[in-house]
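The following blocks contain the structures, represented as structure tokens.
Shared between the two complexes below is chain A, which has chain B as its partner in the first and chain C in the second.
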Partner chain A sequence: MAGEGFVAPHVDYAALAPLIALTVGLIVILMSGVFETTKRWAPGLAVLTLGATAGLLIWHWNEQIDLVAGALRIDDLAISISLIATVTAFFTVLLSVRERAAEEAGQGEYYALLIGSVLGMVLLAEAENLVTFFVALETLSIPLYILCATNLRRERSLESGLKYLIVGSLGSATLLYGMAFVYGATGSTDFAGIAHGIAAKGMLHDPLLLIGIALAAVGLAFKTSIAPFHQWTPDVYQGAPTPITSFMAVATKAAAFAVFVRFFVVALGPETGDWQTGLAILAAISIVVGNVGALRQTSLKRLLGYSGVAQAGYMLGGIVVASEKGISSLVFYLAAYLFMNLAAFAVIVARERETPYGDDIRGVRGLGAERPALAWSLTISMLALAGLPATAGFIGKLYLIEALVEGNYLWLAVFIAVGTMISLAYYLRVVAAMWMTPGQAVAGGPGGPEPTPVISGASPEVDPVDPRAGTRWYLVAPAVLAAAITVFFGVIPQPLVEFASHAGASLF
Partner chain B sequence: MNISWYIVLSALLFTIGAIGILIRRSPMVILLCLELMLNAGNLALVAFSREVGNGQGQVFALVVMVVAACEVVVGLGLIVAIFRRKLPLDVDDLRELRG
Partner chain C sequence: MEAVIFFLAAIGAVVGAIGVVASRNPFYSVLALVAHLFSLAVLFLLLTAAFVAAAQVVVYAGAVMVLYVFVVAYVGSTHEPTFDPIPGQRLFTFLLAFFLFVEISAAVLSSALKALGTHGPDVPAGFGNPAAIGNLLLEEFLVPFEASSVLLLIAAVGAIVLANRKRQAGGGATPSGRPFGAECPEGITPPPAPRSGDPVVSSGHSSAAGASGGQHGIPALAKQNPGSAQ
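Presenting the complex of A and B:
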């Protein structure tokens, strides 16, 4: 420790550029919120920041550079996951236009927190050291705790924020304790150093290391909402403002899975035999719990929360086999999941604003006759999540099952197939509600139903109804675009397969 | 140097924190228990750092302290927001979301 002087690591600013762009954007947006005149620019500045970040990320495509003395690593896995997070944030900005939560919290603060969370995600996807891993995970999570609670006047929003904070911090603390044991067993916080330590000391089945791996797996399972550590997911998804829910559902999952892959496949690679079975069992439990839990939900956001638990189980299958094909299929599935989920959330946001039912399934009744564009988007999204052919969801499941069969995990592939069958029951229920039940007049209109408050309590809790929300471009365009991309990659999957296989190849 | 007592103490702290989160109902006490769990991790890191003989664990522990402070700030902010709405400060009574 002592003796040698402090040597500053070489810093490659070009490769750090995406992170710098996000940080600068964050500060500018936060400052813009201070002045009355510049306040309205916040969403535009957020889009600008995200665009610049995406451009800088694409610039480094196909490169593999270790940054800041091996604390970060930019490679195709990091770039692809960062791009997924950036695109999700872009959609979230669109869905947040005229959102009550954004006005309540202040435009500048709301979008600055969103960009801060994206910064954490990019950092997490690049993390190659236990310290950066932990800091990035918290940079991602802490702004999300606040964003969940931004709808200050709604009890549910505050409740979901506090719940997410408690459960998220519990996950982080467990993860930290696991990391401490991994460090103690291998003597390094660096992923490459950990792998080297395990291989050099020949410490297979070392109890200290196994405790560390188990605790770290539990901590990551909390973050990726894998059963039995998923209980917070439906509650937080339902209570948070819907644009934030869509962001959490997709981007958090992608970033957490990226570091899950890197930590387990790179750092704990020599120990593969010890953790494979454990993760496979967690995946199987998630698939069963998620799909069965979703069956009896009447709130669309809760339904998507449980469906997210099941989908996390499918995706974990890609890590279980620890092969190039497994990782590629995981990245493919995450990219497909982005578009499938966002189409659904855009429709939910629109219906939340124009009907008095909130996110209840009653809100989409008769949508087929009333708003065909939204109805088709939600239909495509539901069919893709269920994994029907001609959608990206089908191709994604196909690759995952193929990777599992090749990796000798046939039984887990069977779980995915059975889970898919169960999931049809609740996805098709939404489709049936849209097309097969009679339409309803939009709230407030003549002959419409009495606007019943969704939550009992004081009137300021009820969000104002915008009877034309279903025709606003900033809600219809994301829904239609995401649904169109889902179908496009279902019919012509080649570009996305190429994208995902680059990500998978960068680790092996 | 034998560090096993430090590890035993950190395991105890971690368990006390985890049990506290599960059985206590006031969000304030739950935040305290979270701190206990994070500090158990810090103790383990510093102890292991001593055994391994490099400073990485100590640096990690310092970083964790910063992160823990951030978490508490957000947690207390949320508790104040809930208090201002005159909602009960009891996690068992916050049950608007379930099913």
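Presenting the complex of A and C:
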């Protein structure tokens, strides 16, 4: 083998096209930041790149191809998760218009990093090999560490970036350590090879393999913010620029869950019964910790952070049952989660720029009278996250619970139901603040009733207030659109169910 | 002969690792880490993993260590105030570390001890030599290999974004060109300078940060250090 010259692997450029589009877009955006005249084009170029990527992804819908010596696999699971990441990035670009973080980091760099992270997500969703898995995970994470810190003049943002870097690196290191053990025990880095090794030897008699899987699961739990590995989530979500928070909350979760599914259901597929209980316990802890933690939050971003922990617990339920229906319900929930969350984040971005309260819950007081469109969007988002009927969140939870009951995990389904009841307390608090408290003169800028913004902390400069942010099309349109889609799929879930069941079917 | 070298290297690795965490002077820690990494490289050589051994020496014992030494030299050996933000945290840490140690020992011993009498796993000839690794990178792992280059590009861009912030803050505000040692001796809190609230975030990317914003970035790092007890 050594020194004999190598055999180049077959490269299917058509199937790699989405990845190529993202890479080209990344470089073009980066170059656009060089010249004064082209600098303004960066958001447009990002939208163009994302559009091209989405188109190329849809082109490969219903195909199942192993690419480049089994490093990647295009199937409906990969494509659906990549589409979720791409759509989230599109919304993030809209929310980032006039965002201070984007201006401070430089438009070209900001959007290039965003596209780089999407590239990592698409790679991760397609990864079918431990090495690709790890490189993709880092390609996803490193731009996010930096994007979290791009609001360079706010201490919270820098703290958020640093915290995310340290915790994320710890998660990556744990994961890598686990991967080394798994490779050592099974002798293969391919998911199919690992499955083969496990099927031949069994899993429970090999401590090396067990510890490898445990460490890898911990690393993945860090990335998907599953309790008890979630402590970074509220802090990082709160400190990061809000458009980036929305991107992290949805897209990172989706991509990490995609590889979670592939690693557990494909690579560890032969011994499903051995890991199900462990993951089910993690899911239950996550549901309890997330919902209880969210109860006392006054910052909306922290609240959504904790709610994200709980939602990750619900979604993990889809992996626990390791069935086609489980995976379908997970993908459905992720897609619904995209729209529910983005509606909320779009409103938070608008209120952050409009009021001196930052993302504090006071910022949405009296929103119902002041900005009905935003108030309705946030209301729908909160009700959907809580799982009320006629929203996509309800159908998603129903679908998950159905999968759990069929997979004989009734007790986890009960946890989801109880968690949902607890979650009503904090979601409805936000709704009540919008509609039931009288509006204050919040739009009056820094001269309002409480001029000291709670969020700014020790920041040397107060964030500028844009009193008309709540009427800007690039904030109102995403909020209203996301809320409308949430309701649409709550009433007519069939198209999304079909989309998700394709993803589930591609693995079994 | 092989056994003698193994035990020498193994003892060196363990002693080096203990030295890293035990010594109070960060400079000694870095030196102990160099010793540890060299011992590891010898162990890799014994396993006929020439490429990994070389990478270990060139990348870690060489490049990364130089970076560490630079950081230690700039930041100095100021004594960080140590305190427990959460009572009982330290005890809990020891407990967790102990359990992790037991767990990993169990895994390694149970699989490694069984293999003591045998001649190890069956691997093809040339497994792990530089040529084989080169082939692997261009055959089986072509995609991760190419993706790593994009990853490095992104990391470099990120480092520049973080290091570049001073320039955008306005030219007059930067403490430009002052040698660090002259202004702030070790352990003394430096006078509040403009923008001292901005800590330098990039730790892994400081090499790139040093390249473009070195004179601005490093004093900020030093200033942040005494005040920010985590």
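Keep in mind that, in the parts below, the second predicted complex is superposed on the first by the 485 of 508 C-alpha atoms of A that agree within 3 Å, B and C clash if a C-alpha of one lies under 4 Å from a C-alpha of the other, contacts with A are read in each partner's own complex, and residues count from 1 in each chain.
In this section, contacts are C-beta pairs under 8 Å (C-beta built on N, C-alpha and C of every residue); 3 or more make two chains touch, one makes a residue touch a chain.
Note that this is a predicted model, so its numbers are computed, not measured.
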Notebook entry, point to check: Of the partners chain B and chain C, which touch A:Leu162 in the superposed model: first, second, both, neither?
Noted result: both
Margin query: Contacts for A:Trp435 in the overlay, against chain B (first) and chain C (second): which applies, first, second, both or neither?
Written below: neither
Margin query: With both complexes superposed on chain A, which partner does A:Ala69 reach: first (chain B), second (chain C), both or neither?
Written below: second
Next item on the list: Based on the superposed arrangement, let me know which partner A:Leu152 touches: chain B (first), chain C (second), both, or neither?
Entry: both
Check: Which partner does A:Tyr474 reach: the first (chain B), the second (chain C), both, or neither?
Finding: neither
Check: So, A:Gly187: does it touch chain B (first), chain C (second), both, or neither?
Finding: both
Margin query: Just checking: does A:Ile142 make contact with chain B only, chain C only, both, or neither of them? Give me first, second, both or neither.
Written below: both
Note to self: With both complexes overlaid on chain A, does A:Phe488 touch chain B (first), chain C (second), both or neither?
What the structure shows: neither
Check: Who wins on chain A residues touched, chain B or chain C?
Finding: C
Next item on the list: Go through the superposed model and pick first if A:Val131 touches only chain B, second if only chain C, both, or neither.
Entry: both
Checklist line | Footprint overlap on chain A, where chain B in one structure and chain C in the other make contact | finding: 1, 131, 134-135, 138, 142, 145-146, 149, 152-153, 155, 158, 161-162, 165, 169, 181, 184, 187
Margin query: Going by the contact rule set out above, which residues of chain C touch chain A in the complex?
Written below: 103-104, 106-108, 110-111, 121, 124-126, 129, 131-132, 134-135, 138-144, 147-148, 150-151, 153-155, 157-158, 160-162, 164-165, 168-169, 195, 197-199, 201-204
Margin query: Taking the touch rule as given, give the residues of chain B at its contact with chain A in the complex, in rising order.
Written below: 7, 10, 14, 17-18, 21, 27, 30, 34, 37-38, 40-41, 44-45, 47-49, 51-57, 59-60, 63-64, 67, 70-71, 74-75, 77-79, 81-82, 85, 87, 91, 94, 96-99
Next item on the list: Write out the stretch or stretches of chain A touching chain C in their complex.
Entry: 1-3, 6-9, 11, 23, 26, 30, 67-72, 104-106, 109-110, 112-113, 116, 119-120, 123, 129, 131-132, 134-136, 138-139, 142-143, 145-146, 149-150, 152-153, 155, 158, 161-162, 165, 169, 181, 184-185, 187, 206-208, 210-212, 458-460
Notebook entry, point to check: Where on chain A does chain B make contact in their complex?
Noted result: 1, 130-131, 134-135, 138, 142, 145-146, 149, 152-153, 155-156, 158-163, 165-166, 169-170, 172-174, 176-177, 179-181, 183-184, 187-189, 234-236, 238-239, 296-297, 299, 302, 455
